[in-house]
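In what comes next, chain A is part of two complexes: it sits with chain B in the first one and with chain C in the second one.
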Partner chain A sequence: MDIIFKDVEHRYHTNTPFERRALYNVNVSIASGSYVAIIGHTGSGKSTLLQHLNGLLQPTDGTVHVGDQIITNAKKSKHLKPLRKKVGIVFQFPEHQLFEETVEKDICFGPMNFGIPEEQAKKMARELLSLVGLPEEVLTKSPFELSGGQMRRVAIAGVLAMEPEVIVLDEPTAGLDPRGRKEIMEMFYRLHQEKQLTTILVTHSMEDAARYADEIIVMHRGTVLKKGTPKEIFREPNTLLEIGLDVPETILFQKKLEEKFGITITSPCLTVEEIVEETKKLFAKVKKDDE
Partner chain B sequence: MRDVAVSVENISFKYPNETNYAVKNVSFYVQRGEWLAIVGHNGSGKSTIAKLLNGLLRQESGSIKIFGTELNETTIWEIRKRVGMVFQNPDNQFVGTTVQDDVAFGLENNGIPRDEMVERVNEAIRLVKMEEFSEQEPHHLSGGQKQRVAIAGIIALQPDIIILDEATSMLDPKGRNEVLETVRDLKKKQKITVISITHDLEEVVKADRVIVMNKGEVLTEGAPEEIFLLGEQLEKIGLDLPFAIKLSNHLKRAGFPLTMDHLTAEGLVDELWTLYSKM
Partner chain C sequence: MMNSMIIGKYVPGTSIVHRMDPRSKLIMVFFYVFIVFLANNVKSYAILTAFTFSLILLSRIPLSFIIRGLKPIFWMILFTFLLHLLMTKEGELLYRLGWLEIHEQGVKQGIFISLRFLSLIIVTTLLTLTTTPIEVTDGVESLLSPLKKFNMPIHELALMMSISLRFIPTLMEETDKIMKAQTARGVDFSSGSFQERIKAIVSLLVPLFINSFKRAEELATAMEARGYQGGEGRTKFRLLTWKFADTALIVLLVLLAIILFILRS
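After this line comes the complex of A and B, so read on.
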């Protein structure tokens, strides 16, 4: 499902003294099956943008196309039920939305709500559990007996149970330790590939954006500042640094290396391996010159 | 005698229905005006320690003293006035209908006169750069903005000790730096003691002292530069290493004769330059 934002504007609390424009002039498209990262600092409109993807918010102006569904200001939200099934959102701290007595019931809740028979839902729950890397024993446990990381996996299984075509991840690793973060990010990447999902990741981690995304959308003050591949986006680190965003540590290191050695490395380095390669080339060149 | 803000002696704690101790025989102290970082993987007992320090949980054995006063049922209310705590998820700690009401809540509870309260609330909101939002509902703010408000609530209380339990995890790097600078500033000016539970390496690098927790026990403690020398040992227990150290390792493996693991990118680039010049 392709996603297209056309001239989207969103204002909170319209016609009240609290009216606030959170998005304006948003024109951006996300190709079906791609992995897109959205970066931008706090309050740049990222969260508002993603809530339009499944119609939790409707634009106050402009249109959002998600596959053949069109979301505008006018449409009543009840028409958006099919969309909610197709677009799964994993919110920040999704484990706070767990509520059932057992893990199994929690995962089955969504599908059964959309009319899937109980037996089928239970079968799905079993499969999903292994997909998110949890042992089958947890099915009968209360979600609240699990550790934070496990609870998050259960909540993610609950979103996947809806068999979404698009999955939206809002800072999915907030609060996890470095190892937990890596495990969850690798899991989403695997799901992205295996299930051919369209994945949209909202993140502060430039490393994750660089590593996993096909394209990066940079949000700034309620609108899209830039969109491109990680190499395109990080080729000009200063644009990002100027608006208070970070760039991957590899890029910062590359900058320092270039300054110290008085050289320019043509391709932006996004991994430690690339830095090592460029450093090798640099040293090899001297050797050659000596010969 | 040193000026000790917090002294923890041999505390142990187990959650109901759990077989393993969340915190086992942990002892440490924090000096007045010190910035102590506590790091460790999820489930290492860091957050449990924070809750024990504020009396939200009660240890099974051992003792906790705050400025020399034993923490127990009779002293807890006085101690809570001196220990401000900011949790990871701010949604769980909002009570006010507007940002300023929320920041004022703790002061109202402590019976601070209105004029002083208004002043302290405005100042705290200004320090975390949330003036624009002071009339708004906290629930409509983004995660990072909520964390700023939660921190303002604690700043307004002017506690002697601030405990940050991953309190900046949802801020972007710039916002995180701003908020931490604000707290650092307060620490310096008012000699506040800070205990920060965190995964943020930048923050760890800037702490006065670091305690590394593993499976409920103190694995090691020391100055940041000492801690990061542990290298792969930290990675084994699920923690991260500063980028420059990781890159130093990679370069060594690729055959660059570096003399040390560098904590900073500058140090590493400098040594590469030295090697290069000698070629």
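After this line comes the complex of A and C, so read on.
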């Protein structure tokens, strides 16, 4: 399911004194099966943008194409339900959406809303629970007995249970400990690779964006500032720093290294492994020169 | 619907009514509710209506805005009007259609009661239109403070009131967020069978309650951490000042009551 935004504009509270333009002139496309990260400042329009993906918000102007569905201003929200099955959204702090008596029921809630039979949903709940790294005993527990991190995993399982073709993640690891963070990110990456799940990640972590994404969209003040591969985006760290965003630590390290030794490394290093490789080469060269 | 309701909304402004002490406005509204019932003939109703009208003018809130806001109550007024029009069987018979009879007194009563109703609603609405909720709370606390002598928890009541007012927008925001999250999980809040709707509401209310309890606990801890220990010896950030206009309002109110008392038949 390719996703295409065409001249999308969104205004909140239209025709009131509180009218505010949150998005304008958004033209961007996301290829089926890709992993895209959206980065941007708080208030840059990221959340507004992703709510357009399953019709929670409809553009006040322009069109959003999701597969063969076209979302415009005029589309009745009634017809959006099939779309919502295909696009799952994991909102910020998704544990706030848990409400059922047991974990199993809560995971089954989404799929059953979309007409999947109970037996099948239960089977899926079991499988997903191990996927998100929780023991099977929790199935019969109340979600409110679990720890914050476990609740997060249950909520994520609840969205994955709908078997969406596109998964949208709005800072899925905010507030988790470093280990939980890594486990969740790795799990989504595995899913993306195994099932060709189109993944859209909104994040403040430049490291995550650099490590996992095929492409990065930079949002700034309600519109798309830049779109490109991580290497393209982080090649010029200054543009990002100017608009108040960060760049991965490895890029900063590389920049310092280049300044200190007066060299240029051809491609930006996005992971620790890459920068180690480059430093190794440098050491080897220095050693050789010494001899 | 939500946009047309103006009761309980605050419209910022700098008019004399806006700047008055909330206490005088509260006293005025409280007694006005009784004074309204003094009017019972053409003259007294004319004075009452004129008084209400001049309050609107003084508040500088556009009349059209108030009229628009009264739309939801229009049907209630119309209903009471018709009830009086058709049920009063006194005075000269003006019109008859089958068993429907309209008498002279019926027309009069219908108009009077509608005017009474309107005056009441307009004046109470003016209070909230020109006074922020926080000011109302401060005013109520100050007016009720004599009751502290009888061990009534006035400060606590006022605190409860201001905390609830403070959290209304937060709750609205949260409702919106949870509704969106559940909609994304296939819940349909706007259609479906009775059972489905109940389920939809449950999926919204449970998280809302749980978050509210959590927030209340956090708020209590935060207040304690900042040394809150009840109203004893607390000073005020917003001081209420009784001004000339406030005295004038109360005097006018007393005058209105006296005049109505003399004019009533």
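Just a few scattered comments:
To be clear about the criterion, the second predicted complex is superposed on the first by the 286 of 291 C-alpha atoms of A that agree within 3 Å, B and C clash if a C-alpha of one lies under 4 Å from a C-alpha of the other, contacts with A are read in each partner's own complex, and residues count from 1 in each chain.
Assume a contact is a pair of C-beta atoms (placed from the backbone, for glycine too) under 8 Å apart; a residue touches a chain by one contact, two chains touch by 3 or more.
Nothing here was measured: the structure is a model prediction, and the numbers come from that model.
Aligning the shared chain A places chain B and chain C in steric conflict. Of the two partner chains placed by superposition, only chain C is touched by A:113; chain B is not.
Once the two complexes are overlaid on the shared chain, A:97 sits against chain C while remaining clear of chain B. Once the two complexes are laid over each other on the shared chain, residue contacts for A:279 go to chain B alone; chain C is not touched. Contacts of A:245 after superposition: chain B is touched, whereas chain C is not reached. If you count the residues of chain A touched by chain B and by chain C, you find the higher number for B. By the touch criterion defined above, A:24 reaches neither chain B nor chain C. Contacts of A:179 after superposition: chain B is touched, whereas chain C is not reached. Once the two structures sit on top of each other via chain A, chain B runs into chain C at 222-230, and not at any other stretch of 96-104, 132-140, 222-230 or 240-248. Shared interface residues of chain A (contacting chain B in one complex, chain C in the other): 96. Against chain C, in their complex, chain A makes its touches with residues 16, 51, 54, 56, 77-78, 81, 84-85, 88-89, 91, 94, 96-99, 109-110, 113-114, 144, 158-159, 162.
Across the complex, chain C meets chain A through its residues 3, 177-178, 180-188, 190-191, 202-203, 206-207, 210-211. Interface residues of chain B facing chain A in the complex, by the touch rule stated above, are 17, 40-43, 88-89, 91, 135-136, 140, 142-145, 166, 169-175, 199, 238-240, 243-244, 246-247, 250-251, 254, 256, 265-266, 268-270, 272-273, 275-276, 279.
Taken together, the chain A residues at the contact with chain B in this complex read 12, 18, 40-43, 47, 92-93, 96, 145, 147-149, 171, 174-180, 204, 244-246, 249-250, 252-253, 256-257, 260-261, 272-273, 275-276, 279-280, 282-283, 286-287, 290.
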